[in-house]
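First chain written, first letter: the chains are A, B, C and D, and each begins at residue 1.
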């Protein structure tokens, strides 16, 4: 694969959705920039993609820190000089559910740092790249809590609502400029090593296979400018909602 | 193509979205049952699909009449004996926008007959087929007026809201049974001979190519039961919303 | 009370919300026109209001029949010649919850006849009165199923969605003309003789007192044109949602 | 008025909505705690309420600073020892509308500090008071941007969405505990000295009189626990929406 291959940037790469999205765009020919705070989250995904014949480079990044993101995008432009066509914001503050008066304002702050500030900083950096060709796709991963503030979610839901507001604002600003901005509401448990360890084995249609989320993201990117989806929900067949 | 090929049923076939959806499912190997009130809406689509090597049969049907739909499904089972895997409800009452006091209750009735009653009757017949294999996809076409009641829309929006309510109710009942029910909000002008005649030529991203809607419907059908979308919007890049 | 007192029309009067709304507007000086299909639903409410010194007249009406509604409004104009300032559409098709394939299209039809067609016909008649003074309030009673189509609700939810679409369309058309159109989502069990018989006694905050709904409707009517609510939810304190 | 009068706390007091809400609750017998960052915002309101025979005390507070809010609530408990029954969060980061790439992450941060963090910190302090009696009302002021992210709103809308998520989460947690949490979407221009200076004179129904917002807040507080509104919109009669 030439170093000028088209580039997909995935922020928020762990063993679940982020890795799956990276693999999926690699399989259709993209060079992948992998962003996450910790290098150990990135390395296995990079290795897997490289072993499969793709190109992926790890960029340990604090997504909520403008300087860190700036530095990453500078390096990224050098190491992956092809046009950026896809940017996926899949990061999220840690899930937290607690009675309101047991939460600390710092719990909210941690959520906002990633889901609001991180999304904002990443989107600015990504859109500066996407604007160069005047096309491409920016996708944000949302959750049930993007639409509904439930009891116990006073630190988590505000941050997820904030990501959604950002995505909507950007879709309305950038659609006419030829850039597709989408927000995907993941409504269900994602099948990851962590959830599997916690819950045990799942039957078909009870949990979300991250590879299927990735397939949906590829579909979103492949939509024609005549027919863009801004928001969609995804959930397993058996999910109650 | 064997007569036992998998079947896709498309209700509401005209020169726009319905025809495009029929063509798209034909291209991936489905035998197509084409439903519309008037035979002359169906014939050109049937001819086109047949000429391209596919199988399509026309069933002139009054979708809001339980007897007519029953008769169609009986014939359909004989002529297209393969398992029904896809059913698309793309019919809609005529668009009507008028000051409220200039509307006649019959205007509402006409809208409801198709978008509420027709959707209901078609969904019952389709789900009886889909239940046989316990899988498959039922898609409803919605519109901007499915989400928003604007001034002048007192006859049109209630009917489109009704379709959406039906789709939601069915998604929650049939998801756990393995059948995927989706509702697609088409938010923009669809590029058809009729709209082109009315508005003139369009630039890219100003109107929706019905083939792109069809591609989205195929994507919905191809989603895994781990990751189903119930509702999504689609609009052209340049649409204001 | 003079026969030229301001008039409030309440459609859908039974022992619950309709009666409470009628009483509440009577207490603040309105003459009340009571509409329901059956005279025996109206008589006790009329007697109660009259006994309390108010004015109320019963108009047995099939709200889904344009002729019946027309006749009622003609009589009403003669018997209650004061200006109509308030119109409340509180009628609803019978609640029905069933597996989709056990529903008959006639179940949907019954729901639509009241919640879609009845609401439309009533709103036309009411707005013709409200337009005479260019002010006043038209309120529609909604339900949980106005916003959400749940499993089993394929006949009920489409009709309630339809009412909401109508209310939205009218609010956008009539707001600028000085007429306030509101839609109230009643999300919880209403405390009526019927529900009390079915469920037994309730604790505070578990069910909705219809008199409290009525107080909310009076508040809506009393809002200034500088500050109108179109939609609000109401539920008991202890309701899960 | 005795020093043990019931207390209403209003955060975000300027010449518009905050002042009007304070006056309205003073008129129905509440002692008012006035919170805003700058003393000069509070003083005129305090003076006006005092001159009218009410009780109001100013507490200059940085609502996004937990220490500042803690100190205010300590002082407040001493100076206004009556039970807290009403808390209104009316603060908001400055309105900002800009092309996304001209925004600075600090613009987002400023919005979040007030509308997300400030709302959170204030709600914790207020609910600790409201829990003492197990009743009362907590109201958040929202805006059009609480529901919709428009072009140019990438710093403002995320923060307003966040407030809404918080309000929803708290309503679901505190409703069953007897405390009413509401969120009011103010969809229109509020008539303040500032907007009047900018836009000139208004006709009736074109802008929102803050006193009418206050009347709506009083209505919300007066709802019975059988019938609470969580969310409502308000807009002027002539507003396009």
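Just so it is clear, contacts are C-beta pairs under 8 Å (C-beta built on N, C-alpha and C of every residue); 3 or more make two chains touch, one makes a residue touch a chain.
Bear in mind that the values here come from a model prediction, so they are computed numbers and not experimental data.
Listing every chain that touches subunit C and subunit D alike gives an empty result. Relative to subunit D, the most remote chain by averaged C-alpha coordinates is B.
Rounded to whole angstrom, the centroid-to-centroid distance between subunit A and subunit B, based on C-alpha atoms, equals 32 Å. Centroids built from CA atoms put subunit D at 46 Å from subunit B. Subunit A and subunit D have centres, each the mean of its CA atoms, that are 34 Å apart. Multi-chain contact residues of subunit D (touching two or more other chains): 172. By the document's touch criterion, interfaces exist between A-B, A-D, B-C, C-D. Contacts from subunit C toward subunit B in the complex involve residues 66, 99-101, 103, 105, 108-109, 112, 116-117, 120-121, 123-124, 127-128, 131, 145, 148-155, 157-174. By the touch criterion given at the top, residues 172, 175-176, 178, 180, 191, 204-205, 207-209, 212-213, 215-216, 219, 223-241 of subunit A touch subunit B in their complex.
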